[in-house]
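Taking it in order: structure first as structure tokens, then the write-up.
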Amino acid sequence: MRSIEVGILGGTGVVGQQFIRFLQGHPWFKLTWLGASDRSAGKKLRDATPWRLDGEMPLSAAEIVVSESKPRNAPRLVFSAMDASIATEIEREFAQAGHCVVSNSRNHRMEPDVPLIVPEVNPSHLSVIPLQQKNRGWKGMIVTNPNCSTVTLTMALAPLAGFGIQRIIVATMQAVSGAGYPGVASMDILANVLPFIGSEEEKMQQETQKILGSVDGGQFRPLHARVSAHCHRVAVVDGHTVATSVELSSKPRPSDVQAAIETFRAVPQDRKLPSAPPHPLVYMPQQDRPQPRRDAARENGMSVFVGRVRECPVLDIKFVACGHNTIRGAAGAAVLNAELMASEGLFD
Amino acid sequence: MRSIEVGILGGTGVVGQQFIRFLQGHPWFKLTWLGASDRSAGKKLRDATPWRLDGEMPLSAAEIVVSESKPRNAPRLVFSAMDASIATEIEREFAQAGHCVVSNSRNHRMEPDVPLIVPEVNPSHLSVIPLQQKNRGWKGMIVTNPNCSTVTLTMALAPLAGFGIQRIIVATMQAVSGAGYPGVASMDILANVLPFIGSEEEKMQQETQKILGSVDGGQFRPLHARVSAHCHRVAVVDGHTVATSVELSSKPRPSDVQAAIETFRAVPQDRKLPSAPPHPLVYMPQQDRPQPRRDAARENGMSVFVGRVRECPVLDIKFVACGHNTIRGAAGAAVLNAELMASEGLFD
Amino acid sequence: MRSIEVGILGGTGVVGQQFIRFLQGHPWFKLTWLGASDRSAGKKLRDATPWRLDGEMPLSAAEIVVSESKPRNAPRLVFSAMDASIATEIEREFAQAGHCVVSNSRNHRMEPDVPLIVPEVNPSHLSVIPLQQKNRGWKGMIVTNPNCSTVTLTMALAPLAGFGIQRIIVATMQAVSGAGYPGVASMDILANVLPFIGSEEEKMQQETQKILGSVDGGQFRPLHARVSAHCHRVAVVDGHTVATSVELSSKPRPSDVQAAIETFRAVPQDRKLPSAPPHPLVYMPQQDRPQPRRDAARENGMSVFVGRVRECPVLDIKFVACGHNTIRGAAGAAVLNAELMASEGLFD
Amino acid sequence: MRSIEVGILGGTGVVGQQFIRFLQGHPWFKLTWLGASDRSAGKKLRDATPWRLDGEMPLSAAEIVVSESKPRNAPRLVFSAMDASIATEIEREFAQAGHCVVSNSRNHRMEPDVPLIVPEVNPSHLSVIPLQQKNRGWKGMIVTNPNCSTVTLTMALAPLAGFGIQRIIVATMQAVSGAGYPGVASMDILANVLPFIGSEEEKMQQETQKILGSVDGGQFRPLHARVSAHCHRVAVVDGHTVATSVELSSKPRPSDVQAAIETFRAVPQDRKLPSAPPHPLVYMPQQDRPQPRRDAARENGMSVFVGRVRECPVLDIKFVACGHNTIRGAAGAAVLNAELMASEGLFD
């Protein structure tokens, strides 16, 4: 694979910084461009923003001069880490101008001709892109990844598809890093639980149906399964925990479900995409795992950890899943999407 | 009401200390006796154990000389705050000897002739006591209160009984104080979630069915509704949060459910029992409430706070409930049970 | 004492809310007026802002219609809870117009004719007020209380004045509530320590010298003792902890220092001011106390708790002090200042 | 360097597990032996204890059969991770039997013929070993590393030795991992500060003087500088923060001190010892760094991070230092000591 130049829209924000960190040393993608607001444009990244993540700003990125968020001299492949308040128009403008926008923003996820991709779960949904380009007269494209809690859930459910998913109830315990920076006030979360995250329950419910659904004649057919989410913020730095109950039409035993999770492999593993974890799902047999602080960052933060598969007295099976929200649920998700797209020749 | 002398079995442990604190200034009950292990017996409380709770040991209790856990000179009414590892035999010995044991321990909760009481929910279950005394040849009795997370759940569900409870799925986020002292290691819980609490899910499932069930001919008829619990420990000091989905046969609207919660009053309120909160359930209309740190201790920790009643796409209704685990879920629960028993003349 | 009407400048912010809560049921002061920005003016408080503190907004305050921050119809006594960015001009305008401004803002603290008062420590500094009024041609006045960490330190040092304070080194561990709302980002403080609080070290160093100094001929003479502060933010909700080493010219033994702390009483106690704690300093003999979560809120949050008085191998004596930063260090501090002023007839 | 077999005394405890993790893939040392109590002896490690650290037990260690803590078949080089309650006799028995005991336990640190080593600070103290062997008639030896908070302090002070260290006052904010497992109860530390750690202040004061002192005629000459420590436990997982004020006889400017820190290199760097960090001290110019959660684990947890060098109004210079307590302050410290010893031919 030849080196592909990439840019980041929203490159100075905390999500942009997560992209910068994740792309360090990437074997295919070389970061050469950062787009941000007019206020930052023209400055080196080091002068445009403080580094919000652990450690220090990577030197190679620190020297990049930030550009305005205009297609002009941006590379063909741009990741979007923009805030939802501004992403809609700018992403469209880039796609219109021939760029491949691989977006972490929520703005276009639910549109009927925009793929919402988890590479291990629904890679075939990329097949909608020609229709998207035709509908909109774009030479470029927009491809999205889901909300951070949805990634963890859909990854964990993927191997259960063969059992016939009927109904899903989840309760999430989500890390504060999912809210960006400054995000959640410390007065709100220390020694506390916040039982509400704006729009999160709706996003999990709708996005899960779209991702687990099919494509038929260029149209998405959402999964018929009803989904109910209870979303909570807890005092965790990184890693979303998702307590899941699921109704399955073929009534498998817990051991069958556990085996399906343990043996699950998918397209990113088959193609050995650079960011694909060898084990997309890691089953933990210990009774008190997975745990966000101890597990989410393992496997470069790209695996989802599952434990406690057992019978649910109300639906059929229950289990707990945990994934890294800013890696597998954001920057890493988008980069793996781009790797999948590259492997299909979409950037050739 | 004349003053009633009371004792505490397990009076030197952290749960015993919660009883001591809760009984300070009680209008009916006067603490005069503390039972503990032989190691503490003969010492003043102040010399037998450090005070584990906020503030300092109440002076009146500090001077009580701890007794062995023998019925002998204990008052007729004793609260049991004993560890489950030793409670079974000692509680029986006291009941045999004519004492009224009002126990917070789990040991006898599920026995077929032992009432498991939440005074707002199932006060009529006390009617089993004569049968208990007859079966066992006891002059005294054992009455129990449920597990801390079960109290919060059953209180919140009580006003929904009229809608026909069919199925219940809950996910809990439980405070560390529920595990006693030293309890949860800080290495395990800081910036983390533990997705397992030993036996907690089974207790919530079974106890909820018993409490919401009926008594028929001296026999408990557990509620037929299936219950599924996902239990988690979170980095909260006090206050258990319970995300609840419930299927209701009469399909009420969320506004009907909210109204039933807001107007709920029960026997303890009618009888103005001293520890009964004026509003056993407090409905909070704010979208991000209740929260354990901000709400659990209000109303002396004896109310359960409910919020976010809304439609559940899978079952019918979902909401979040929050209660104080060491007050409403332990010491306060037992004391209110004893007040209910006193109001029925059981100590006369 | 007749009832005195009071107002709060900055009444809709989180500090203003702390004043509202602290003034609930006050025997002398009746809250009748709230001043805030034009954006809030004309609205009832309940509609102007959400309640940021535990529990719910007090009903009596909820119905007050917020005014613009203009002297006009404000009562003579106004507390200032304004942000430092706007307090300078508005406080002066109120003092000019004849109001007694009792301010928690830092803006005027270090001015040479403005008293910076801790009622237990330097009540005599109020004697500067006539000079202030003369200098500035004011009928009203401005009186200030110190920074939240300075209150804890100066209270703990007050009984040591007789030993001859020479040098002071402190390290603080400060609660997040000291930074207001939203204040510290949870991403910054969870499982972390922030070794910097803007301007805090300078404020502690200068304010301590002013408060522990004397007044001579209408002029403040700062204490000659050098003060060095290391200030840190820690993951605590309420309560600042101050590790203190102090050099004392008379070389007392630790037991002498402890005795001086235990027996310390001052003007607010003598005059039985309503918010004065019976014991302004509470000495805790336990080796691991005081602790912010367990102690700061005791005694209505108005005492300072001290422990571990012992020899310092470098200076002479070391100890740890802990106080409630939003009560004794802010709203309660200002209200106690106003009570002291009332007891001196300043509002007659 | 040929491969050297190593063992761990106390290999099943949480400190032992930190050694196991740190030794994974070590280029010189190959872990082949684990000693523990009789209860564990004879079992594979995987069956003897659960893994307490992040992630999962390394497979190579999991298969080692645990031995009794007897010299017999142990390798010549053994690390001691034993609890202080049992380390004294066992470590002596091993040294007597010819083993080189590189101990993290506190038991022998302050003995007059036992080196207490921080390789960057006082490598020459190893010169006492022949005297130790002669005094005690040992063929083996005991070498120790200091307490976790002392390592951070002495590393940060090492480059200041040339300025003439006169007096030191520190306040620590220490992570819970420093207390082992289960260690600090979560009820004690959530949203709290504990102003006491048993014996910690004495250890920091004495060990610092020994490490920063000299060896003269086979005898340790402790540094004359007086040291005063205030030690606190805070809600941090890993990383001790040390706020430091120091009196320096040559009165350097802060910029001189900063330069000395930035340019500091020592024997482990010169010899390129495998665990030596390229920069033993990392100076961070940001005003709010270092921070334990963001910095302590960088550079494999082996560097100490320093920031905020500035004038101290009481002593001369103040700054904040942060180091990883279970790596640089425990397992990594001992392994680096062993590397230093290997580089001097002590195991030949």
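A, B, C and D are the chain letters, set down in written order, and residue numbers restart from 1 in every chain.
Going forward, a contact is a pair of C-beta atoms (placed from the backbone, for glycine too) under 8 Å apart; a residue touches a chain by one contact, two chains touch by 3 or more.
None of these values were measured; they are calculated from a predicted model.
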item: More contacts between chains, B-C or B-D; value: B-D
item: Chain B-chain D separation of Cα centroids, rounded to whole Å; value: 47
item: Distance from the mean Cα position of chain C to that of chain B, given in whole angstrom; value: 41
item: Multi-partner residues of chain A (each touching 2 or more other chains); value: 190-191, 235-237, 293-294
item: Touch-based graph of the chains, sorted into line, ring, star, complete or other; value: complete
item: Chain B residues touching chain A - in the complex, by the definition given at the top; value: 167-169, 171, 173, 190-196, 205, 226-228, 230, 232, 234-237, 241, 243, 245, 287-294, 307-308, 312-315, 318, 320, 322
item: Chain C-touching residues of chain A, taken from the complex the two chains share; value: 52, 176-177, 181-191, 235-237
item: In the complex, chain D residues that touch chain A; value: 50, 53-55, 190-191, 237, 286, 293-295, 297-298
